[in-house]
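In what follows, structures are represented as structure tokens.
One chain, subunit A, appears in both complexes that follow, with subunit B as partner in the first and subunit C in the second.
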Partner chain A sequence: MLLLKLAFRNIFRQRRRSLLTALSLGGGYILCVFSFSLSEGSYNSAISFFILDHTGHIQIHQDDYLLRPKIHKIIDDPQGLSELLDANDEIISHTLRVFAPAIAYSDTDNAPARVIGVALERERRTSTLAVKISAGVYIDDTLDAEGYYSAMIGAGIANSLNIGLDDELILISQGADGSIANDIYIVRAIVGDRTSPDRATVFLPLIAAQEFLSMVDSVHEISILLQDDGAARSVATSLQEQLPELSVAPWQVVESTFYQSMQTDKQGNVFFMGFIIFIVFIGVLNTVLMSVLERTREFGVLKAIGSRPFKIALMITCETSLLASLSLIAGLLVSVPFTAWFSAVGFELAEPMNIGGIVMSHMTGEMSLYVFATPLLLIIFFAIIISIPAGIRAARISPTEAMRSH
Partner chain B sequence: MNFIIRPCLEALANPATQLRSWLVVLFLCFHSSVTFAAERAIEIIDSMEALYQGTSSSAKMTMIVETPQYRRTMEMQSSSMGTENSFIRILSPRKDRGIATLKLDMEMWNYLPKINKVIKVPPSMMMGSWMGSDFTNDDLVKQTTLTDEYTLTLEETDELYTIILVPKTETVTVWGKIDYVVNKQYMVPVAQNFYDDNGELVRKLEFTDLKEYSGRMIPSRLEMIPMNREGHKTIIIYDDLQFDPPDVDESTFTLRNLRSRF
Partner chain C sequence: MLTIKLAFRNLFRNTRRTVLTAMLISLSLAALISVDGVMRGMLTLLVDNVTGTIGGDAQIHRVGYRENLDVDLFMENAAEIERTLQRDTSLKSYSPRVISGAMISSSYNVAAGLLYGIDAERERSTSKVAQAVLRGEYLAGGDNELLIGHSLAELLEVDLGDRIVLTLSEATTGELAQALFRISGILNFGMRELDDNFVFINISAARKTLAMTDQQTHEFVLTFLNLEDAENPEHGIFQQFNNTETEALSWLDLNKEISFIIEIMAYSSLMIGAVLFLLASLGVINSIFMSIYERIYEFGVIKAIGTRPSEIVRLILWEALLLALISCVIGMLLGFAVGSWTATNGLGGLGEVEFSGITLGNNILGEFHISQFTTFPFFTVLLTLAAALYPARFAAKIVPSEALQRSL
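Here is the complex of A and B:
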């Protein structure tokens, strides 16, 4: 306690210098928090985008469909599985999908297409498909008067085939039983624009896609949306235990390339921020060493009256840590409301971005313990590190030489 | 004439000339036997390729496609005229009924009645599967004429002919070698073994269940087994086969007939 009191008093002996040092530490902390918030916010926006766009928090497949998709790797009893998932409180919603490559034809043109059959109402609750419609209406799974199902097509397909709303679309593919899958659909909606990831996709009602691909009452994928963004891994593990015959993967596995790049980038960001803080602390080291030099006589007296070198070194560490802590408190007082605003409102973009039909008008940050704690721990760590050489110098002062100095 | 015969007789009286003459005779015998074997091999292959066709033919077939994932049975009606023209129409199952394939010389089209569309099979798809079976489009079209594109070597035992077909240097094919095994007694195919360039057996086609159709003994069951796809097999069973039927003529092998509703 005495050490703490002494350290506190010593900080205020050179108020202007301490204030400047605190400003550089506090400013560094605020910048670090902003940088982490921006990075986390950007990544979270990207994660939210693809989770809501198609991935979901968790996906269920048969075998290694995720790595090597084959039309016959099917989930046999999707209805039974749906009941199980509907009863799970941690799950907001889930959707059922089938996939197949196909060739799409109009009267005059043809183009390669990716057919996705979706459980329409479940898909509306689980993904942003309905939001991405740029023309027409979200379809239903009923046959029209002439016995055709409706389809929603990517803008790229519409452009390649030169077709629009209410036109006929012909699809040809290979069925799950090896037969030639072929049928006619009526275009009722255009999805996204020509740059969207869905530009070459044809969305069909699940039942229509199952009939088209001869996949009676079976699906390739179940995508799940959770209440808690951070619970993907734990819920996936729990579901995997309940469904040992299927493969349950959290989004970190489904989008493993993105996730690994993100982790690498985050580690790089922490390293870079650590380097910036280290440079800030070189200035702080200068301040601490100056403070030790100015108090050479004082340390000589302390040693002469019996103070142990370790105590003197500890006092220097306490002074540096205390100064850093006060700077961090000030930094927190500024950064918490700023980050709260940044995460809730954010900066308005000069030009709104359209990503696959989803418009992003604001750049927002992230408010989380990670954002505040990571730079805080970095600053505390460096404060202790740089106080060690200064403390050793103070502890090694000889009382007789110290008395002779000014 | 004496001025021709006398030198010949003198030459034959000379022992060195005698030996040379015998060698020439032996070479001519060997050459003619090789030529005869090659011609015989061509003859056999041509007769095998024409076996199911005749001048014209009409057949009702059942195709069974077996894979580890599914087993699919299709009933088909096929017509052919020579080896150039053929027409196949699926009779069942219901969802595939009416799907038809027309082969005219070296070209091939598929007709899909549900979407009322004729699709020409491009050359790049010739090695692709026909209707999800283990037969390729090329097997149906026979774009590669065996006797023209391959060098034939005939081997025989008491019961079988084995004709080894090796592609000529200018032949474009995926096969490194084909063994064509023929039953000598009935002059019907027994098996075709297809090898890749490394000499590994890639697939085999077996002909079994000899039955009499219009007075000819013909294998009624063909079984194609791809060696590189475990659990896959396609069986064709000839339920009926008629030669020179009255309802098969040139109008059968037209795009108009292909498009006709069934």
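Here is the complex of A and C:
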């Protein structure tokens, strides 16, 4: 306690110097918090966006369908798999999908399209497809009076084919059995706008797509939404053990290019923040060494009256840690409201950026223990490390020589 | 001269402090030089990839074509446009293209992709298609030659000589058309979008498949002798081709994402510099204050014997200037060393980031620029002097009677 009191008093002996050092410590801390918050917040919001948009937390495919999609690489017992997934408490929901490239026709035009057959009710609970509808209604999987299934089409297709709601759409593709697949559908909804990633996609009811592609009772993909965002890898591993004949991949594998880009960017960020802290601590080292140097005589007296070297070194460490702590408290007081505002509001980028295939358009902060605690612990750690050489120097002072000096 | 001598002597009275403060300034300068070098390298890489690969410095299309790449929105008067382009002396090269979405099928798989019909000879000097040939041969004008991205070839399980069927709709009639090609070359651009989705055939074959005449073209891609011309909206090409029928856009307009990142980069060097030097300035102020406190008795004496406050300010500023100059020399040497290393080795062990389909990583080579060794050190000196003003003012205001009462 006495040590703390002494350290506190010593810090305030040279107010201006302590204030300047505290400013650089506090400033460095605020900068680190802001940078971590921006990076974590923006990436996390991009991750939640694509998880809900189409990826899910986990995807299941046959073989290497994820890398080399082929119409024959099918999961052939989706019902049994659905029952297994429904029984898993860690899973909120899952959806079944089939994919195929096709040519879409209207009466007058045609355009290349990507057909996705989705289990409509499951898809509504798993992805944001229903929310992306810009005109019309979310379809169901019943046939209309004339025996046609409904379709939801991307705004780009609607524009290319010059069609709208209730118009006929003809799709031609290749069936899983090698046959020519072709059928007529009625457009009941337009998805997104002409710039959306789904602009060239045609969404069909799962049953309609399976019939179209001659792949009844089989799917290409199962996308799973989990209760816990952080559990994708562990749940994927346990599902993989239960389903050895299939390939189970967490989103980090499904969006591996994005994930690697994100990791690299974060590494670069940590490296730069490390450098900032290093620059701050050169200044701190200077301050601590100077404060020891100007008190040479004082330490000499302390040693002459019986203070142990360890106690003197400990006092220097206490002073540095206390100064760092006070700076961090001030830094926290500034950064908490700022980060809270930034995580609530954020800002739009003038132009969206494509990072590893994922479009990021909104930068936002994050309020989390990681964001505040990581730089805090780093600074405290460095403060202690930096005080050691100064402490040793103070502890080694010879009383006779010190008392002779000015 | 005496002031300079005194300043120099004072600077080395406490060598450890001076070394630490000089480290603070020089490391900040070295970091700024290195970061700027890497950013310039990254920018060059991005611009090279965007303009050099297939995008060119500028492009001409029919109005509305770019929105959806509608195959029926072509320009009718290719020969007339070519004549105009030929006359323009600021152009290095140009090349016409026919573009269409297509279903690309092999015997094993099918994928949706983009077909580019190109003028093989003109394209050699306009884009990197010829250089991207990984295996096989570049286009020689034959009707059934086809170049395909390596990852698309992998997906379709095809190799050199294998058959590819393109299914697409004719530009004028909208009728479904199919054509058979044989793979003459496998391409590797190093850009995911191109390697995953693109096939290239001769423009004559593309026009035939799409039922277009040899006057009908979707795109003219241009390269300029001087890139700045492409960025100048007042340039004749843009004036002439931006009308109700056609639009001419520079690479900056065609790649908003990249131009945005260029804007950000311009600010980020400034921001990084500001942050580094703000933190370094605090250290500098602190260090100069410490040196003044140590000499407070001394300042009391020189003031008592008649030294004017302005002379004390000058002395402190000279000390700061010498400190800044020494630090700048060290900083520039360090910056040069790090810059030279990144210029030959890239970013070393750091991973890769894919931005706009372009992989950035070890391929980013640091670049030197004259401003790194002129403007940056100049501002470093200026900021160090600015940081020294506050302590200098403090020293000038020292009252001799009070200072002389202190022993230290």
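The definition used in the following text is that the second predicted complex is superposed on the first by the 319 of 406 C-alpha atoms of A that agree within 3 Å, B and C clash if a C-alpha of one lies under 4 Å from a C-alpha of the other, contacts with A are read in each partner's own complex, and residues count from 1 in each chain.
By definition in this document, contacts are C-beta pairs under 8 Å (C-beta built on N, C-alpha and C of every residue); 3 or more make two chains touch, one makes a residue touch a chain.
Everything numeric in this text was worked out from a predicted model, so none of it was measured.
K.L.:
So, does A:S214 touch the first partner subunit B, the second partner subunit C, both, or neither?
P.N.:
It touches subunit B, and subunit C stays clear.
K.L.:
Of the two partners subunit B and subunit C, which one touches more residues belonging to subunit A?
P.N.:
In the superposed model, C touches more residues of subunit A.
K.L.:
In the overlay, answer first, second, both or neither for which of subunit B and subunit C A:R233 touches.
P.N.:
A:R233: touches no partner chain.
K.L.:
Quick check for you: in the superposed arrangement, does A:K311 touch first (subunit B), second (subunit C), both or neither?
P.N.:
Once the two structures are laid over each other on A, A:K311 reaches no partner at all.
K.L.:
For A:R124, is the partner it touches subunit B (first), subunit C (second), both, or none of the two (neither)?
P.N.:
After superposing on A, A:R124 lies clear of both subunit B and subunit C.
K.L.:
Quick check on the superposed pair: does A:P112 touch subunit B, subunit C, both, or neither? Answer first, second, both or neither.
P.N.:
After superposition on chain A, A:P112 lies in contact with subunit C alone.
K.L.:
With the two complexes superposed on chain A, say which partner A:S179 touches: subunit B (first), subunit C (second), both, or neither.
P.N.:
So A:S179 only meets subunit B here.
K.L.:
Where on subunit A do the contacts with subunit B and the contacts with subunit C coincide?
P.N.:
Touching subunit B and subunit C on subunit A: residues 172, 174.
K.L.:
Which part of subunit A faces subunit C closely enough to touch in the complex?
P.N.:
Residues of subunit A touching subunit C: 14, 16-17, 20-21, 23-24, 27-28, 31, 68-71, 101-103, 108-114, 156, 159-160, 172-174, 194, 200, 257-258, 260-261, 263-265, 267-268, 271, 275-276, 278-280, 282-283, 285-287, 289-290, 293-294, 349-357, 406.
K.L.:
Can you name the residues of subunit A that touch subunit B in the complex?
P.N.:
72, 105, 170, 172, 174-180, 182-184, 214
K.L.:
Could you pull out which subunit B residues touch subunit A in their complex?
P.N.:
For this pair, the touching residues of subunit B are 65, 67, 69-70, 72, 95-96, 99, 110, 112, 114-115, 117, 119, 129, 131-133.
K.L.:
Write out the stretch or stretches of subunit C touching subunit A in their complex.
P.N.:
14, 16-17, 20-21, 23-24, 27-28, 31, 67-68, 70, 72, 101-103, 105, 108-112, 154-155, 167-169, 174, 176, 192, 256-257, 259-261, 263, 275-276, 278-280, 282-283, 285-287, 289-290, 293-294, 350-357, 361, 407-408
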